[in-house]
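Below are two complexes that have chain A in common, paired first with chain B and then with chain C.
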Partner chain A sequence: MSRESSGRSGQEEGKGKGKGKGKEEEEEEERASKKYVRTFIYSMRVGTPVEKLHAITKIAMILFFSVIAIYMFDIPFSRGGPDLLGLILLLSIVLILLAVARTAKYLVSSYLIMALPVLIGEFLWWLVFNQGLAGPRIPLYVWPGYFPIGVSTGLAVLAFALVYLRSGRLFSSALLAALLWFACVVPAPLDGPPFTFYRIPASPAVIIQVPQEAVDLALAKALGYGVLIYAAFLFLLTTRDAEIVGALLQLKVKFKQAFFAALMFRNLNTILLDYDNVRVAQRARAAAAGRNPLKRVIDLGYMSVPLIASMIKRSTEMGVALHARGFETAGTVTQYRETRSFTYVDAVIISLLLFFLVYVVIMGNSFTSLAARWGIWPR
Partner chain B sequence: MAAIEVKDLWWRYPSFVGGDNPFALKGVSFEVEKEEFFGVIGPSGAGKTTLCYALTGIIPRVFKPPIGRESEHFKGEVRVFGKTAGELAANREEAGGADSRRVGLLMQDPENQFLRMDLLHEVAFGMELMGLPPDEIERRAKEALEIVGLGSLWRVADLVHPSELSGGQKQRAAIASFLALRPDVLVLDEPTSDLDPQGKLDVIRAIDNIRREHDLTLVLVEHNPEVLQRYADRVLALDSGKVVAYGPTEDVYSDVELFERYGLYASDVARIGHRAGLRYMGRVPLTVEEALEALKGRELHPLAEAEPIDAGREEVISVRGLNYWYEDGTQALKDVNLTVYEGDFLAIIGQNGSGKTTVTRVISGIYPKFKGKVTVMGKDVSDKKVARSLPGIVGYVFQNPDHQIFMRKVYDEVAYGLRNLGLGADQVDLRVKEALAWVGLSSKIDEDPMFLGKGEKRRLAVASIMAMKPRILIVDEPTTGQDFRMSEDIMSLLKKLNGQGTTVITVTHDMTLVSEYARRVVVMRRGTTVYEGPTRSFFADAALMERAGITPPMAVRLSQELVRARPGTPFLISVPEWVAALTGERVGQAAEGMERLAEA
Partner chain C sequence: MNVNKGSDYPWASYGLAWNPKKGLGSSQYALYATQTAVIVVLSYLSVVLLGPLSYSGISLFYFVYPFFMVFSMWWGLWGMIAAYVGCVIGAGLMVGLGVVPSLAYSVADLVPPLAAFVIYRGVLSKRGIDPLFRDLVEREISGYKTNRAAAWFWFILINGVIFNFVSAELGVGIQYAMGLVPPSAFWLWWWGWAIGDLAALVLITPVIVKGLSGLVERAGLINLGWISRRCCG
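Take a look at the complex of A and B:
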């Protein structure tokens, strides 16, 4: 197992507990010290407004957000084009909710980053394959025909030196420096970025122009899929099995089916725990991070061996465990603290979602067009 | 009427790759009386877990024989309270077995039988399936947690995920979820293997109390001789699917030769008695009291010289003021200090959840975010570059071998770490063959590690780390869940490595092993170090052991009693020392003699 103890709870074992303190008092402290609770993936802070939401509300959020996002990026150009502003609004709501649930710490470290390449890929895909769109074309990329050596180059070299000396990672530092250099050079006018001291001539100048509509569409798609992905994360990061069981029970689903639905999500958590253990074991075999990225991908592949092996073992033993608790022969099942009540907050949120859906999808309103009409968004 | 009757039971698991598996149970017959405490012992692969499955109807209902060939896979009869547990296609309501709610089965690995995401529902789940009213569920859940010593977690039970518990707490939680069901028969398959000695006895005592109060029949698979000697009425010993002993606990345990033949755990006292010819009522002594009686009139030879713990050796690891917090903010280590010297054989001991594993993980660079000063070979571990180079210096063997097998061939498995270190093909080849020869796996070089036995996997894990030639080797719980022979194997392997200059650090609960192998111990309690020094001085300090919550091994308890009765006698801490003192051999000789016996 990955860790020997969850700290305080571990220390409560054995003799001599509760010295000098009342038992009640100690339990109270115990409860207060438990700040995070495990969810389907990673954990969330206890007691945030998002934690108190009903599972049905959270599922409704995913569904409504997804439907609205898909509708928004698919508005044809004949009817004003994708609703960029609306998508930005949706994405902001989802990200704010993630922050409110205090899951952001883990997100930043892994999922947000992992999802970014997908979104960038999405953007490029829709951009490249939509060259036939009508309307004005705008320059996307300008190659001045020479390598400008100037402030940007100095910045890049400086960044490389700093990062390399701090981290010792050659590849990452070079990549970062190159990106920085491009960021400085690409948006520059055709006669080169300011403070260019020397020009190394290379090939004729190139200007890549793309239709404005393709850029809008690609942006909308990237934002829209961002909403889809992060809304799903929001659900997985803030929900536990009992909530699913409870919600399905309230929807009159039978206990066993409800339990199985929750079990599928719960297994995500189990796989993540296994992943942690395996990763640590792999590191002990000198498969250290920070080496060449290809090697890291290959190492990731090797992890599948222990992961699949333990998954198979787990599923067999879980079958036995279910049997041993009398799952198969269970007759009337009672539920104990599975359900939670549907509060007025849940009702308000679902009403808002419904209103939003009607306003956008049925009434066909676009926030972008609206803002453009008010003059706060370019037409 | 007997609670459980097993008559001539044969079973083999269905095979999915062609050919038939050998029989896992071969004509097993025995009976368990109502309200009996019945022990089952046997080496790994003897068929203990399979027997548990058969007693609870898991075989043949979950593990089903192939249709049309039932009689080739399942023969004989298992009856629980007169009802057939193992009947095929039985009317479920009529059948005995686990799903009748009268028989509970607690499996070895608690991790894999957790089905929920919080402790509260984990304990409540079975009761929900039974259809108990909610207030009854709550009452029983609270009571069950208190019985197993997890009462203090009640208030947070709905927030604690089972994976956040320590190894010992997990097993306690799993036991609680079955105790709450109040079955008539409870089958426990090594339920306390991860618990420290004190915790083990506490939990078994609690279960035994329940047995008395609620007329429970108990079948316990267990390696620990002390637990069974103290609580079991009768014992069944299995080897390769056959019954090799069956009878009252005392009779089975006094047959030390049987234990040596099948590689079973005999108690310290029985081993001393057997090797040094102590007799109590015509058999070997089994308890400390019996051994004291048998020792009357026996002379103790003074031991040649206690092994010197030479000071002034080079410090290889230094930990000063180490603090560590888990990501949820709970503090796991508080101001830990310890020093490891070149060539040490050090054991880190302490109760479950005291922070033993966490310390070793910080030392090996696995947990990089700590506060304090930790140096390995004089280099600061908090430096990222140092941390990255640590796997070549500090080898870490994890507890679960399944998590550390990355390749589909034994050869590649050992080579994996070496290739990561960037060694050339010749060097890799040389080191792989050398390491496999060391652990005795040369003949398995082309096999798939997944299909190796439990003990072999464990040895392979050691070989994979050893091949990287670390100067320091950390082994987390080297013997948990292993039978006696496997434990001796792995420990003598570590001893051999240590003899060649590798510094060895083990984290363990097995005090018998600590007394026999470790020269120095670090004792942890509640996230901090409470003792660091020679093993002998630790075991000689009864007050300190009490404070640290450590139950000394039987050999030490025997010394405590003897010194009390005959002041001035030497304080002996391990079985080899006792044998040496009684027979006049050298300690090393005695230890080697025991190892040979274990290998035989």
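Take a look at the complex of A and C:
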């Protein structure tokens, strides 16, 4: 992650300023001359609609999405239950924004494998820990009692091969393949010809029944958690540290406080690189080889010693450089170059989010109930 | 047994004054910002490296806990800010927890360093316990013979049990109230939090203290009070 970011960061250095133009035009040209800029995680392409949004708008987006998602998956069953449709809508909006920001490809290749088990785990977690809920119990086939040979088996093998070739992780690949196989076997229409053309009997079937409400709740939690995860990624993949500092200055935060935030964000990547270096150096010295888990834990502590020592050394050097540039006596500072104006698009988006929040959270509306009333969603 | 008065201990200058040396120097700004970044990164790794042993930002081995406890003892309020910000960004936003739950449950990481700072610097330091935790690993500090058994007793009781359990109650409780932890799984994660943090504290703190406390103190980087340290350059 950090290496890729720093690799791309070389492209972000702007070159040259036009002559005889206004300052704003020059800044716009300078921004446009860059193809990619570094963000908190990885880098983003310049010029996409999401990139052009103000940092405050992006913060407002994850703030509103978080509040609405938490509200939607927590609606009690006495008031109609979790708003599944609303959560699907919210997740779709977040995924569309990720696609518009042209970060979806990176997200799929880097974080999908990490995020999917989290969401599946979230679903299973809530399913297992909510067996006492009311409602009719629906069957879930954990083990059908035979090995199906057919489309499901082919899909499972293909998924295993693709994920294993991509990630090299046996456990994740097997887990994904098993889940896919399971999902293909459980729906009754798929459990027979032409999708399943041969069954190898293995043992008696094991059937586990769960309450309908537990399934709804688990699904809502998984969807809601998906909104939280991908909204956070949307922010981290499309926001620069400099934008945050620019926004802080616009919000009249004192320069030294904004500078503190800038220093912190600037150092995140450097610390990750330092951590990687220390870890590699430790591994080269066989520090963690063949040790028991307790020793490995203590190794984490030993790893921290050079990490913190280098942090202190670097901060001392930075302090000297700042002192030499008169940081302590600095009064008024020049305009921060990354400060951007708050446009009408930002205002419209924040207004829409506010409307959404009021409609759902304050007025207590549920998209699922609304769709059920219109007859396009089962009651 | 030592019969020192409170003011005779080698750590007597580390107290609870708000800002004993007025003003922050540029090197302090850089140091405090960088240590915050370190805590953010370690918080992130504490959750991500554990894989299936972490859930909703809660890790069953949150190994950053001893780091921000030690940093708070060294750098006062700045260490506590690092603990909170580190949890919000590293163990919240960067692992996909929304901004509202992150801001709320991170309070759980602010309480232990804050309370420990007050107890150690305000009370225990005057009764022969080093507020920088060096007596956990050193037999002698600047000619003063330490009481390691007492140091370990208070360390585990205060940081490992009382404040840590309060932290677990706050953290898991807030996530439970926000609907992020299932009711039947509450105690699983509560005990996971408490025991995981306790283990990390007991195993990693001595390593950090032995390797770095002397270095940091010799460099004059320890805060005399909440905000500032000995020199402001």
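Note that in this section the second predicted complex is superposed on the first by the 211 of 379 C-alpha atoms of A that agree within 3 Å, B and C clash if a C-alpha of one lies under 4 Å from a C-alpha of the other, contacts with A are read in each partner's own complex, and residues count from 1 in each chain.
Criterion: a residue touches a chain if its C-beta (ideal position, glycine included) is under 8 Å from a C-beta of that chain, and two chains touch if they have at least 3 such contacts.
These numbers were taken from a predicted model, which means no experiment stands behind them.
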Between chain B and chain C, more extensive residue contact with chain A: B
Partner chain in contact with A:147 - chain B first, chain C second, else both or neither: neither
Touching partner for A:164 - first (chain B), second (chain C), both, neither: neither
Partner chain in contact with A:46 - chain B first, chain C second, else both or neither: first
Contacts of A:314 with chain B and chain C, given as first, second, both or neither: both
Partner chain in contact with A:263 - chain B first, chain C second, else both or neither: both
Touching partner for A:323 - first (chain B), second (chain C), both, neither: both
First (chain B), second (chain C), both or neither touched by A:77: neither
Contacts of A:302 with chain B and chain C, given as first, second, both or neither: both
Which of chain B and chain C A:271 touches, first, second, both or neither: second
Chain B and chain C footprints on chain A, overlapping residues: 263, 302, 305, 309, 314, 318-320, 322-323, 327-328
Chain B residues within the chain A interface of the complex: 53, 56, 58, 61-62, 92-93, 98-101, 104-107, 109, 111-118, 120-121, 124-134, 137-138, 149, 152-156, 158-161, 163-170, 177-178, 181, 198-199, 325-332, 351-358, 361, 364-366, 384-385, 388, 391-392, 395-396, 398-400, 402-408, 416-417, 420-421, 450, 464-465, 468, 526-527, 549
Interface residues, chain A side, partner chain B - complex: 1-15, 17-18, 26-28, 30-31, 33-39, 43, 46, 167-168, 240-242, 255, 263, 266, 269, 273-274, 277-278, 280-290, 302-303, 305-306, 309-310, 313-314, 317-338
Contacting residues of chain A [partner chain C, same complex]: 40-41, 59, 62-63, 65-67, 69-70, 73-74, 115, 117-118, 121, 125-126, 129-130, 132, 221, 225, 227-233, 235-236, 256, 259-261, 263-265, 267-268, 270-272, 275, 294, 297-298, 300-302, 304-305, 307-309, 311-312, 314-316, 318-320, 322-323, 327-328
Complex interface listing, chain C residues touching chain A: 23, 25-38, 40-42, 45, 52, 55-56, 61, 63, 66-67, 85, 93-94, 96-101, 178-180, 182-185, 199-200, 203-204, 206-208, 211-212, 215-216, 219, 221, 233
